[in-house]
Amino acid sequence: MNAFSYIYLIPLIPLLAFLFLGFTAKKIKEPVSGYIGTAGLLSVFGLSLYTAYKYFFEVGLVNGKYEPYKVMIKEAWVHFTDKLAIDLGILIDPISVMMLIVVSTVSLMVHIYSLGYMHSDTGFSRFYAYLSLFTFSMLGLVLSSNLFMIYIFWELVGVSSFLLIGFYFEKPSAVAASKKAFIVTRFADMFFLIGILMVGYFGQSFDFETLNSPSTYETIQAWIVNHQIFSFMGLSLFTWALILVYIGGMGKSAMFPLHIWLPDAMEGPTPVSALIHAATMVVAGVYLVARLFPLYYHIEGGTALQVVAVVGAFSALFAAIIALTQEDIKRVLAFSTMSQIGYMMLALGVSGFEGHEGLGYMAGMFHLFTHAMFKALLFLTAGAIIHAVHSNFMKDMGGLHKYMPVSSIVFLIAALAISGIPPFAGFFSKDEILTAAFEYNKFIWFIGFLVAGMTAFYMFRLYFRIFFNKQTDYGDHKPHEAPKTMLIAMVFLAVMTVVSGFIPFSTFVSADHKIFHSHIHWGDPLVIASILMAASGIGIAYLMYYKETAYPQKVATSMGNGYKWAKNKFYFDELYIFITHKIIFDKISKPIAWFDRNVIDGFMNLLGVTVEKTAEKIRFIQTGRMQDYAMYFVSGVIAIVMLIVYFR
Amino acid sequence: MIEGVSLFEIMSLTTILFFIGIYGFLTRTNLIAMLMSLELMVNAEAINFVAINKYLSPAVLQGQVFSLFIIALAAAETALALAIILHLYRLTTTIDVKEVEELKY
Amino acid sequence: MDILSLFVVVPVVIVLAMVLFTKNLKQARMVALAGMLMQLIMSVNLIVKYLNAREAGDQSIMLFQKNIPWFAEFNAHYHIGVDGVSVLMILLTTLIVIAGIFVSWKIQPLSKEFFISLIVLATGVYGFFISLDLFTMFVFYEIAVIPMYLLIGIWGSGPREYAAMKLTLMLMGASALLLVALLGIYFTSSVGGQAPTFDILELAQREMPYDWQKIFYPLAFIGFGTIGALFPFHTWSPDGHASAPTAVSMLHAGVLMKLGGYGIFRFAMFLMPEGALFWQDFFLILAVTGVTYGALSAIQQTDLKYINAYSSVSHLGLVLFALLMINKTAWNGAMLQSLSHGFITALFFALIGMIYGRTHVRDITKMQGMMRIVPLLSVAYVVAALANLGLPGFSGFVAEMNIFVGGFLNQDLYKQALTVFAVTSIVVTAVYMLRLTGRMIFGPTTKVYTGLPKAFWYEKTAIAILVLFITLIGTLPFWWLQFIEDSVNNFIQPLIK
Amino acid sequence: MNLDSLMLMRDEWFLTAVIMLLLIAEVLLSAKNKKYIIQLALILFGAYTISAFLPNDTGALFGSSYKTYPLVHYFKAILAFGVFIILLQSVNWLKEKLLPYDFTAEFFILIFSSLLGLNFMMSAGDFLMFYIGLELSTMPIIALTAFEFWNHRSVEAGVKYILLASISSAILLFGVSLVYATAGSINFDVIKNALQLPLLEIIGLIMIFIGIGFKISLVPFHFWAADVYEGAPTVISNYLSVISKGGAVYVLMTLLFVTFTAFQKEWNWIMYGTAILTMVVGNLFALRQQNMKRFLAFSSIAQAGFILLAMLSNNELGVKAIIYFLLIYIFSNVAAFGVVHVISLKTGKENIDDYNGLYRTNPKLSLVLMIALFSLAGIPPVAGFFAKFFLYAAAASKGYYVLIFIAVLNVTVSLYYYLLPVRAAFLRVSDHPIPFFKSDNYSRLAFIITMIGLLVLGLYSGVFEFISGISNIF
Amino acid sequence: MFYLLSAIIIGFAVLSVTSSKLYRATMYLLFVLIAVSGLYFMLEYNFMGAVQLSVYAGGIMVLFIYAVMMTDKIGEPMRSISNKRKILPVVVTIGTAALAIYAIYSYQGIAATKEATVTTVEQIGSKLLTYEAGGFVLPFEVISILLLAAMIGAIVIAKAKKLVNQEKN
């Protein structure tokens, strides 16, 4: 066995916690269930750290390259053919270990945070059960060694997200949001599944190691060249397969146009938003692309990767525009998340493969890591605020700085980080993305650059409006600082936000698993430009929002319809509702249901009715008159004779 | 056999007689009249058997004996039928065929 | 008595015991339960014996065969035997009947008769699954179908007479087609002067003339397909399910509808491989239509049972679809799906029955927030819904994945496209399942229903049995697939030659 | 010719002896003891039935105008057995309705003569015996049809039956005369080899077919059946629908398979059409009937259509299938009619709607009804299924798949109406159900016998094996 | 002579089935029967002719006349069915008859007539009592049972009314 044979414990512990809490949800009272869940996560966190240490510093690096390790739990869990099977295995390589750290850290923090946040909620135990389920699924997802296995956990995170969004199941909006989230991601998963089927068909394997090995993509590439007819819209079917897989990732990662579920998902408890909809699950799409990166990069010259980049860039811009106008703080954060994930996608999309060319890849992963920290922090802080003022809307807030100083400071740290102000974590990762993009395509770089400024603006708009701006009268119900458990989590993440930028990420994660070194060149005009951009964004926000001013209103009016559209998220919800309800439900499903009841069933009934009617009618042939009967006798003779004569 | 008369003619006669009987059966409204039509048919058959026997296989008397049995059976049948019809008459005081059209459909 | 015949004999003995010795509900259900527990022990024993036999290297297609001439004149034998699939199907039947008994713990009126009919039905199903002779198979098939009439007609709800009649007539009409096919197979099997036979193992050795296969295969396929809810012959199922009492819906959707897929697998395709290939494309279209069509229809339904009935149309459509794909993976999926759908749909109908028994309403627009009222049932309902939409960890997922992968493994682009088409059903399934749970389980509680009794122990038992097996299949698919693969490997041979 | 050879005819002799003994008893017994006639008749006939099951030799008597061979011998026994069950069912009716008028002996004599007529008809070796047997089987039963002389319907049925039977036998006889003209003989053995099939002969054969078809009640010669069954006493309807039909089917079968083999091709056309017509019309008419007797009448018309399926086969398989079917059919129909009879006698109710809720008050009777109807519909494990299956098999053996297809569709339709009484009895509840009553012991015995028959004959193949052992009549 | 008889038979047969007076119809039938017996005599089958006269014209006709007199209101015409409803019977009977006659004439076997013989009473008698091939002793015996049964049936039904009346009183 190899060095990581204990690794199955990492997903197993949360699973056991889930089962235990699930079956005893009625009997175990708060806070015991919380402690159980947290204790489980603590051990997972420990194991993750141990794994990371062991991998990165002890066994992983061989000749300057990180060798993947694989722990097989059950070979051929489902056996399809001799080559295709779902193997349950754990793959340990740089990105999975990195994700392990992200997931376990954020999850642990959320567990701790929730001890305070979910205090005296009737569903306390249920909440922890769900959290454990989610953690299990997410850990499973990141550790999967097999494309199909990732799909399994993909679905499981989907369902835990569904359960957690709909946690307040008596609230119709929460139920609707959970439904929407599940169905939209499920819709994307359908493409993912088709993609998997195609990858399996062409690649003849579901195993990541096999798929990512040069021999596989060379074979496929050769096949593509030889089979030009198997193409659709100019792209080979395998590229389409990768795009379909990416659509799955788009659904999970809320990329345009499958993003509509994410804002609504904020109906869930805030810690959940922090964990699932900011730090971990939503980046699954990024992780998926990173997982299959060699395929994306090598097949047909990276056409699929271009799609990733374009979609990522567009989503980043699109979400940032919407985020500028939102009033609900969690929604601002949600769109911010979407925008940042767009960034990561963009980074992957512009990446090369080997050495320094793989900067984008590394930067994307790096951004994933830092973003997880600061975005989780933002959400947790937002949770503390909502906890304090019992509202999600900025109009109900203002001047909170004096009531909640700690929150204010950690929020500021996170906001600076996301805006890309050095020395906070976001700066390093974002800057490397922009560098990579600049080398790849100026236009994409420009989008990223623009988005960076917008990000700084809307984050500080948020910050100022919450903590400064007008002095709202909160009545007798004065806001107060969050309880200790919540603060511990927030402060820990704040520390992470500050320090994680200094991790030499490129020595750990790279597209070809080989170490390379990347440095920030402080004098580089790109760096200066981006810092300036962020600063100007902050500045404008300061001017507009530090005090209550009339500028925002003016700007909004001057933008006219543009503002309205952005505020209404460009009417995408309405479009989707139109498509699903008006077209699919009313125009397809209803006619089909009608058709079934009236035409097909009607036909069967008609058969019955016809027989009955005929029976009713011909009954009167039997008149009761003997002569008529005799008549039939004689006619019978004549008829039969005629027939016989005719047929003979 | 009858001199100068072929079996064709005799059989045509019986056929016509038979179908007159059938016609009577089909059109009469009186049960006894219907029974009488039946007698015509039975007679036609009896003649048939005798004539066929006489013309075609005079050595074997099958047809001629058959016709005797036909007459005997016809007598029995008529007796039974009349008994029932008369009983019906006593129940309903009519022997119109309409009286026996109650069971139908 | 050999171990297989006991599966038929024991139910008959139970029925006789009930007819002769029981008087009221309590006695009847105890006898029924005791008998079925005995069946359960025998089923488990059968699995163990089966595994041992395979372990010991017994490679014959069918194990534990028993062949007794019945109508020697017709060469019709009472020929029984099992392979992996039938072993599992027997287990499925047993479990669902047991769950059904628990669900009908308080059935009224004519309780004794209810259990008698139920067990008669089960007898037919057991017989069907073990028979290796077309004649025996057909006899058991009809035995399984006819008690349905009484079960729905007497204990059903709504337009029960209509539904019972429709179901019976459509199924018997289908069996009529089957009968023609069966006779056709029988008489065309006398090629080369051999005595015609009903024995499937022997029939497989004889090659039926291609022209006849082309004629009789569709008859057999539609005959079996009707009970397997093949579009457009499925309309008996919504009405039938909606009107049937709980246990009957469970047994019917859970087991009886599986007879269709099983029959096609075991008899129609195995005996008429060339016919199957000839008609493959045509029936594929019907099957795929059924898959999406059933799912789309389900969206519009508001009656719980109708939703489920259409869901069954969709999911069993997948079984037929997979069978028509004709490769091992898809067939594994088909059989696993039969099994999985059996448990899931039985769980659904059990829960619907329990909820209906409390609220007397099945319209999802009329009740909300059941989670607060009957938490256990609601949780189970959510579990069932998730299992139904193919969540990993539950049985539906592995089955469907086998089917889709199998479908896609065809070299033929047409079939791959159809597979893609079938995959869309997983989204639509999610839509209607979530719509249902969103309306009924979640949301603010409907006031009228507060204070309804929580789940009783016998209801919990039924739920526990079904959920347990749904999860077992979902988490340990390889254990179940070993049975199926063993059987599929043999039965697909004529088709992939 | 000696006594031994006369023993070949012992079925008929014994039956004649029974008739004579009853006649004597009727004369000798004093009015007070008349009621014992029932028991006496049952015992005598029972003894006859048992004797009928004893094996008999093959042979021909009276210049081959009388023939016997195992199949016909055992078929006679089967019919006798059927009559015996019917008699058991009729005891109560006899006691209640006929004993006051002192007509019980006459009832037995007439019904036995009818059976005797059937026996002669089946054993006939020439048209004369055939014709006399036919008349002998018909005429007593006509008298019995009108036996409920206080009931207008019964008398109407009698009138219809005798007039229509007369015209049908007249047509048959005319046909015989035509065949006699062309084939030159009335002896079957001679005719068999002398068939040349000119048009005249075909007309004759068709007229003969119509005469027999009338007795089997094939469409379009079936019209009398419903009216007569409905009007006649239930016992007689029962007898007509199974025994007399069974005998006629047997005769048709032997004529077709043995005597008129030359006519095969044309026969098949007739059979094909008539079978479809009979099944369809019988089913459609039965669909909307309210009166149980009328309903069963149409059902038995439809059943006749199914029998014709096997008539097409013209092989040994067909013979087996037909005989086996008739055996099962006797059991099923006798049981069904028996239930109707018992209920009608107790309550006077004969409509299907009157049966609503029957199971709740009379569970056993309902079960008998259900099993009988299932057997008629052909649902396993009841014997009717196997019987029908063999009929299909017989037709399939000659490749008539389309016909079988039509037949099985008809079975589906027939299932609908067979389920109607079941629906009434089991599914429905009524405010005024038929009250609980105990059937008399004779009827019970009859029901038990039929139920055992229906449940055992199918699953136990011995009976069928036995029949197939003796069914080589070619 | 034959043609005369034929004309009588057909003529009176037609009258018998169309006459609106039942009593007259009976008389016409009697003429037909007598004419038929004439035909038997012509065919040199005297025994049959005698039987026809005695059994038919004698016995059966008496029954008929008796029945008619019991039931019919003499002089009152019978209800006759409308002409429209006669069309079909006419067509069918004439059609079938035409078909039959066509068939008769198209069959040449009939033309092969043999020498005429006289059938004597002794021949008939011995045939009826012979049990070898060509004998008819069995039908002769069986018909006795038939007559017995028919007699019993007729008697029972004839007795019935009286009994029912008794019951009522």
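Per-chain residue numbering starts at 1, and chain names A, B, C, D and E are given in the order in which the chains are listed.
In this text, a contact is a pair of C-beta atoms (placed from the backbone, for glycine too) under 8 Å apart; a residue touches a chain by one contact, two chains touch by 3 or more.
Please read these numbers as outputs of a predicted model, since none were measured by experiment.
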Self-check item: Groups of chains joined by contact, in the absence of subunit E
Solution: one piece
Self-check item: subunit B to subunit D, fewest steps along touching chains
Solution: 1
Quiz item: What is the shortest path, in steps, from subunit A to subunit B when you may only step between chains that touch?
Solution: 1
Exercise. Taking the mean of all protein CA atoms as the centre, name the chain whose own CA mean is closest to it.
Key: C
Practice problem: Would you mind checking which chain's C-alpha centre is most distant from the centre of subunit A? | Solution: E
Quiz item: Centre-to-centre on C-alpha atoms, which chain is most distant from subunit C?
Solution: E
Exercise. Between D-E and A-E, flag the pair that has more C-beta pairs in contact.
Key: D-E
Exercise. Starting from the mean Cα coordinates of subunit C and subunit E, work out the distance between those two points in Å.
Key: 69
Quiz item: In angstrom, rounded to a whole number, how far apart do the mean CA points of subunit A and subunit C lie?
Solution: 37
Self-check item: Averaged-CA centre spacing for the pair subunit D and subunit A, given as whole angstrom
Solution: 78
Quiz item: Between subunit B and subunit E, what's the gap in Å when you average each chain's C-alpha atoms?
Solution: 4
Exercise. Among the residues of subunit D, pick out those that touch two or more other chains and give their numbers.
Key: 128, 132, 135, 139, 142-143, 146, 149, 158, 160, 163, 167, 181, 199, 202-203, 226-227, 416
Quiz item: Which subunit A residues reach two or more other chains?
Solution: 608, 619, 622, 624, 626-627, 630-631, 634-635, 637, 641
Quiz item: Among the residues of subunit B, which ones contact at least 2 other chains?
Solution: 7, 11, 18, 21-22, 25-28, 34-35, 56-57, 60, 62, 65, 69, 73, 76-77, 80, 84-85, 87, 91, 100, 102-104
Quiz item: Each pair of chains that touch: what are they?
Solution: A-B, A-C, A-D, A-E, B-D, B-E, C-D, D-E
Quiz item: So in the complex, which bits of subunit E are touching subunit B?
Solution: 2, 6, 9-10, 13-14, 16-18, 22, 25-26, 29, 32-33, 36, 39-40, 42-45, 48, 51-52, 55-56, 59-60, 63-64, 67-68, 70-72, 78-81, 85-86, 89-90, 92-94, 96-97, 100-101, 104-105, 109-117, 119, 123-124, 127-128, 134, 136, 139, 143, 146-147, 150-151, 153-155, 157-158, 160-161
Self-check item: Residue ranges of subunit D touching subunit A (in the complex, touch as defined)
Solution: 160, 163-164, 167-168, 171, 199, 202-203, 206-207, 209-210, 214, 220-221, 223-224, 226-227, 266, 269-270, 273, 281, 284-285, 287-288, 413, 416
Quiz prompt | Touch list for subunit C against partner subunit A, complex | solution = 166, 169-170, 232, 234-236, 238-239, 293, 296-297, 299-301, 310, 328-329, 369, 371-372, 386, 389-393, 397-398, 401-402, 404-406, 408-409, 416, 419-420, 423-424, 426-427, 430-431, 434-435, 438, 441-445, 477-478, 481, 485
Quiz item: Can you list the residues on subunit A that touch subunit B in the complex?
Solution: 619-620, 622-627, 630-631, 634
Quiz item: Taking the complex as given, what residues does subunit B use to touch subunit A?
Solution: 22, 25-28, 34, 97, 100-105
